[in-house]
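Each of the next two complexes has subunit A plus one more chain, namely subunit B in the first and subunit C in the second.
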Partner chain A sequence: MSTMRLPSGTYHENYTQDHAWWQTRFVWIRMIALFAILFIVFPYFAGGYELSVANRIGYTILCALGVQLLIGFAGQVTLGHIAFVAIGAYTSALFTLRVNEATPILKDLGLTYPISVILAMLVAGLWSMLFGLPSARVKGFYLIMTTMAAQFITVDFIITHYISRVGYRGVSFSLPPGTIRFGPWDIRTDLEQYFLMLILVILGILFVGNLMRTRIGRAWIAIRDNDIAAEVLGVNVVRYKLLAFFVAGALAGAAGSYANAVSFTVSPEQFGFGESLWLVGVVLIGGIGSNYGTVFGAIFLTLLTEMVQPTLKFILPDLALKTSYVKDMIFGLAIIVFLLLEPKGLAYRLQRLKDYVHLWPFSY
Partner chain B sequence: MNYRKVFFALTLVMVLALTVACAGGGGGGAAPTAAPAASKGEINVGSLNDLTGATSDVGKDYALGVQEAVKWINENGGINGKTIKLFQYDYGYRVPEAQTIYKRFRDFDKVVAVLGWGTGDTSALSPTINQDKMPYVSASYAGELTDPAKTPYNLFAAPDYSTSARAALTAWYEEVWKKDARFASEQSGKPRFIAFYQKSSPYSSAPIKALKEQATLLGFEIGADQDVALTALDTKSQVLAAKDFKPHVVWHGNTTNSVATALKDAKALALGADHLVNTYGYDENLPKLAGDAAEGVMGIAVAAFYGENIKFMDTVVASAKKYNPNTPQDTRLIHTVKAWANTLVLREAMTRADKAGKLNGEGIRAAFEELKDFDIGLGVTPLTWSSSDHRATGQVRIYQIKGGKFNLLKQMDMKAKYASDWPKWIGY
Partner chain C sequence: MEFFLQLVITGIMVGSIYALVALGWTLIYKSSGVLNLSMGELTLTGAYVSLTFYQWGLPFPIALLFTLIVGLVLGLVVERVFLRPLIGESVLTVIMVTVGISFFLRGALGFIWGTDTLVFTPPVFPSQPVQIGPIVIGQVYIWSFIAAIVLLLIFVGFFKYTRWGLAMQATADDEMAALSIGISAKFVYAMAWAIAFMAAGVGGALLGNINGVNVSVGHLGLLVLPAVVMGGLNSVPGAIVGGLIVGLLQNFAGGYLDNLTIAGISIIPGGAKEMFPFFAMTIALLFKPYGLFGWQRIERV
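And then the complex of A and B:
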């Protein structure tokens, strides 16, 4: 049975109706309007700056989807997720650069980058699974420490010292415009990056959302709620935990590939430990255990940090530079405030609002 | 609960306000390809600075320098009577933030040029600024930004990191290794060289390839690089690892705080090597932080140190006192002077472009490429840009700390000294 609260008088007569993504006419209209805004209205009216902020939000969502899956759905706390994003970015960059050089036909057909995205997802997924192995033996605080190790081993050691030096000088690989093509589509401008982001984010959300409605999703939730009980009920805990790490890593791989299309460059500096913390913050503020939470958290935190400086500059024009630390401070402050006052995050608040509207006027 | 409702309402208002502010930011429409001047009498310029990130130990002073130079320019004729409106933002040394701020500059603030900061973000932005034809005068002096065939809109008023590093090593080889009595018995062998820097940082690693090339050219034996974080508070393990190699000279490629830590640890653990420091690690704070360990340390200074008795310095100091009176003078650094150098050359290029009626990206770039042996004082060697080479100078000043003071050891003219190699060295 669906867990969605429906407006009074709405009944389902079969499973298809009960499991539909969009269950009422109002939801259909709402979603069509949302898609129209995302695909037509926003890109039409937005300038390069707004699009680049949207791209940052999209990148954050792509990265945080995996964190949400691990923490929110499977109950496996991770503090090293950006390492898998880095693996994805480097796999995609190396493959694209090398194959573009070796087989220009693939480059001309615009197939190198799409193949590199799939490869990046695969490699990052497997790498993530490797660091998920300790989850078979440890959990909670100890698992946090092992996932942190993923960050230091992957980014600070393997990527910095070895992978980033493969065949190219320095530590930063340059992927100038024209290198990344998606079929006939050359990813060059903010608008092209925006549409690529939109497609990846929608696919990512649909994938995770659907996965949670399957046997796998239910197994993850069972493990999250009580792993011993799940095992007693016949769930292969280790297998499903590793699967969660694989899927989360694969999503991170997609995010890393997308980062290349936006940055035109990749260097280990972009994948610091702070970024992993940031992703956990996004999930905490947005709401644990909800895809909406991932989206809201990414929008809220990105806009918050993006607008702090212009707002400070507007209020205190002469002091704006001297108060630049506020931008970093506000991230920590936001987490504390949310954990104290709204521990279930923004998604829960939206759910309450929707419930209120659906049940009105008989909300009791 | 009442406070929950209040909190929810506040959050909602904040999200809405931020969304509206963000959506209203760009004014709509497609992104312009070239940034026009904002209004008559005012020219918008962006400044991207690191005030809170890994290089903020040197970035804050640079940001103050930019601010003061622009204020001074505005009070002293501006750009043919037009004033500069400066949009200055901190990006915390994070590349994604630099990218969105740059786009804010381009589409919302409508700047005609940008004064940038780090190597990682400048390199990452390079394809975009080329596409937008946006002059980008950076505090990053990375060699990879000097080839106009690849990075036509990247400019800076200093010798590039690679040339500077080559010069520093050569100066040590000629002035110390060849002449110092300490090495008299070893001169028949090869001098041993090792590098300390953050490998993951594009700034720190930018000159390493050129540096090792030069070391090979001079016949050095090169040891394994030691990875030292820009934010390092302890480098003992790296010093101990380096000690096995018994280096004669160590290159420090990070910023001041990290270099000071390495120098102190090297002294404490009796590494027994000489030290060469890249330009953002060699400032007035180094002898203060490293104390005795900084004695004898050689380094690169692309401009005069703050307060030095040199042409135009009195204006820099007077402006610092006037516009930032609450910042103590003894905390001001050479990075202020570097900021002035970049801002003054940008001013010159904008003035020429404006006179020619081409105050846009292409016009400013063309004006830069007209500058020949341009002298701004401040200890910056004469600057020349051309349409085929954006290495503004091949002259590098190498200093040595003696008694806590910086003394000029040697001025190397790398372009003249290595005339046949000079054309090959462009772009890395």
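And then the complex of A and C:
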């Protein structure tokens, strides 16, 4: 990106170079090392527990990408994003189960799950767009309330009282092993889920990152910064807002179908209002308006809450039963402390650190 | 018809409690522009605190008074520690701090009191229902209604006739002008949070008397949000009307929509009661984007 700070002596001679994601040799080496660690070193050494934590981080990143897109890039605050993840998860699960029963050919080819992912993205995106419709008329807190309404209407009403009752509960929504398949690739173990997660996360980040460099992304940023000014400049505000809701919903749909691949069951309890708030917390702690922020926030908050149980067991074993409450308290405190002391998030802190290293020893 | 009247009466009585909590919410918004999402947990806190005082053997009015004092202190502390450093920050930041407060409170309350439903024992209000014409109402509702109305009147009187109340109104109307005539904005913010906490605390105590105290009281406290949005964010009468509307909508949805079956097919299996205020709010916003009594903001670039 052109905003990237380059070391002296690095010149761009054409646009391809100027638009490249990785512009210097150092960045290339760093990224290749990162990929090597992610794809080879970590899975080689990690046990089941580490992999499951990594999978949870990946799931959080996938969910939070859409939140980041809406809040950080398009400026539409959403407090009900997990509802669209739920829609994705249920679409994917129902489609996979029903189609596998009806057409064994698709099942044998292993195409059902990939198709269900695309379908889940579409359905979740359209559903999200439906709740984005009020954004044409309302904004600010009133819009926040409609996204909250999306949460309660979708999860607490439609999913709990209608969709969960399709067939017999428990039978309808647990995916037997062997249903989650990409062609010949059958996803069963933690390790396979991990690789699927990596692929989805990388695709998701690439997609959002590239989208932000197009006309659409610039329109979103204009709307975020001042939607009336954007309208004056000729941006079709309503259309781009709805598009933002659609894309964010589609990302949530992908996250939902990934959740199926990890847990093999779907239930409304996975998608409570608290989860939606948690995702906003991830984006805020990581840093608004940056894909790094999404990743950092997800890693930081997941590890933080993951550490609660062992620490509590170590310090106060009597309280081990109350872990979930302590987790809530820690999450609440983390948000408050970060917003008070580090309102720009972890991504900004990293940027400052980089600047410091670049300029060392002369800080000017 | 009797069923309808029954729903109307119950709706208004529960709605008056929502109105009380909604009033506290609007107050914060009007005076300091903070959109508070922790109202549900504040209500829950009030319910637990009053229950604990009551369990210690204090008579209920005294327990309520102590709840007010706890609310006052908590409100002042929260405003001073968490909200004051955020004056001038973006809306989302402030909202998320209140979300952080709500998570913290939820965790702390669960940590202290667990998840089991606690009830006021012995019951505060006699369980014998009262018959008014064809309508039967539990005494709990009537007393809660009276308490809520009395408190609403006290609050409204406070705004209209006391020095502090007038200072708060002035700040809400035009902060710069208020500052220039010597009103301390900090004091007004602190007062607003203290009053909101007190209102939520009393609302929680009353709601806890109706259904027992558990996490669902916090969910009821969340219903305040559709109330203030439908009433218009920056209007005190709007908050009261909105609270009553939400109480009515909720009872109508519970009475007529839940378990609705047409021709033997179950159209709505359940859950309408909790969801309907939010649904109605979304629809209402499409037609009246600033609520019933809210100020329409004209924006310039």
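By our rule, the second predicted complex is superposed on the first by the 343 of 364 C-alpha atoms of A that agree within 3 Å, B and C clash if a C-alpha of one lies under 4 Å from a C-alpha of the other, contacts with A are read in each partner's own complex, and residues count from 1 in each chain.
By our rule, contacts are C-beta pairs under 8 Å (C-beta built on N, C-alpha and C of every residue); 3 or more make two chains touch, one makes a residue touch a chain.
Remember, predicted model here, so these are calculated numbers, not experimental data.
In the superposed pair of complexes, A:Glu269 makes contact with subunit B only, with no contact to subunit C.
Of the two partner chains, subunit C is the only one that A:Ile336 touches; subunit B does not reach it. By the touch criterion defined above, A:Asp328 lies against subunit B and subunit C together after alignment on the C-alpha atoms of chain A. Of the two partner chains placed around the shared chain by superposition, subunit B and subunit C are both touched by A:Asp156. Using the contact criterion defined above for the overlaid structures, shared-chain residue A:Leu97 touches neither subunit B nor subunit C, since it reaches no partner. By the touch criterion defined above, A:Val208 reaches neither subunit B nor subunit C.
Of the two partner chains placed by superposition, only subunit B is touched by A:Met307; subunit C is not. Contacts of A:Ser174 after superposition: subunit B is touched, whereas subunit C is not reached. On subunit A, the patch touched by subunit B and the patch touched by subunit C overlap at residues 156, 160-161, 324-325, 327-328.
Of all residues in subunit C, only 35, 37, 82, 85-86, 89, 91-93, 95-97, 99-108, 110-111, 225-226, 229, 233, 268-272, 274-275, 278-279, 281-282, 285-286, 289-291, 299-301 touch subunit A in the complex they form. Residue ranges on subunit B touching subunit A, taken from their complex, read 3-4, 7-8, 11, 14-15, 18-19, 21-23, 25-31, 49, 51-52, 63, 67, 88-90, 92, 94-97, 99-100, 103-104, 106-108, 120, 123-124, 126-128, 131, 144, 199-202, 205-206, 208-209, 227, 428.
Taken in their complex, subunit A has these residues touching subunit C: 71, 77, 79, 131, 133-134, 137-138, 140-142, 144-146, 148-149, 152-153, 156-157, 160-162, 165, 226, 228-229, 232, 274, 277, 280-281, 284, 288, 322, 324-336, 339-340, 343. Chain contact summary for the complex, subunit A toward subunit B: residues 45-53, 56, 59, 155-156, 159-161, 164, 169-172, 174, 176-177, 188-191, 262-265, 267-270, 299-300, 303-307, 309-311, 320-321, 324-325, 327-328, 337, 341-342, 346, 349.
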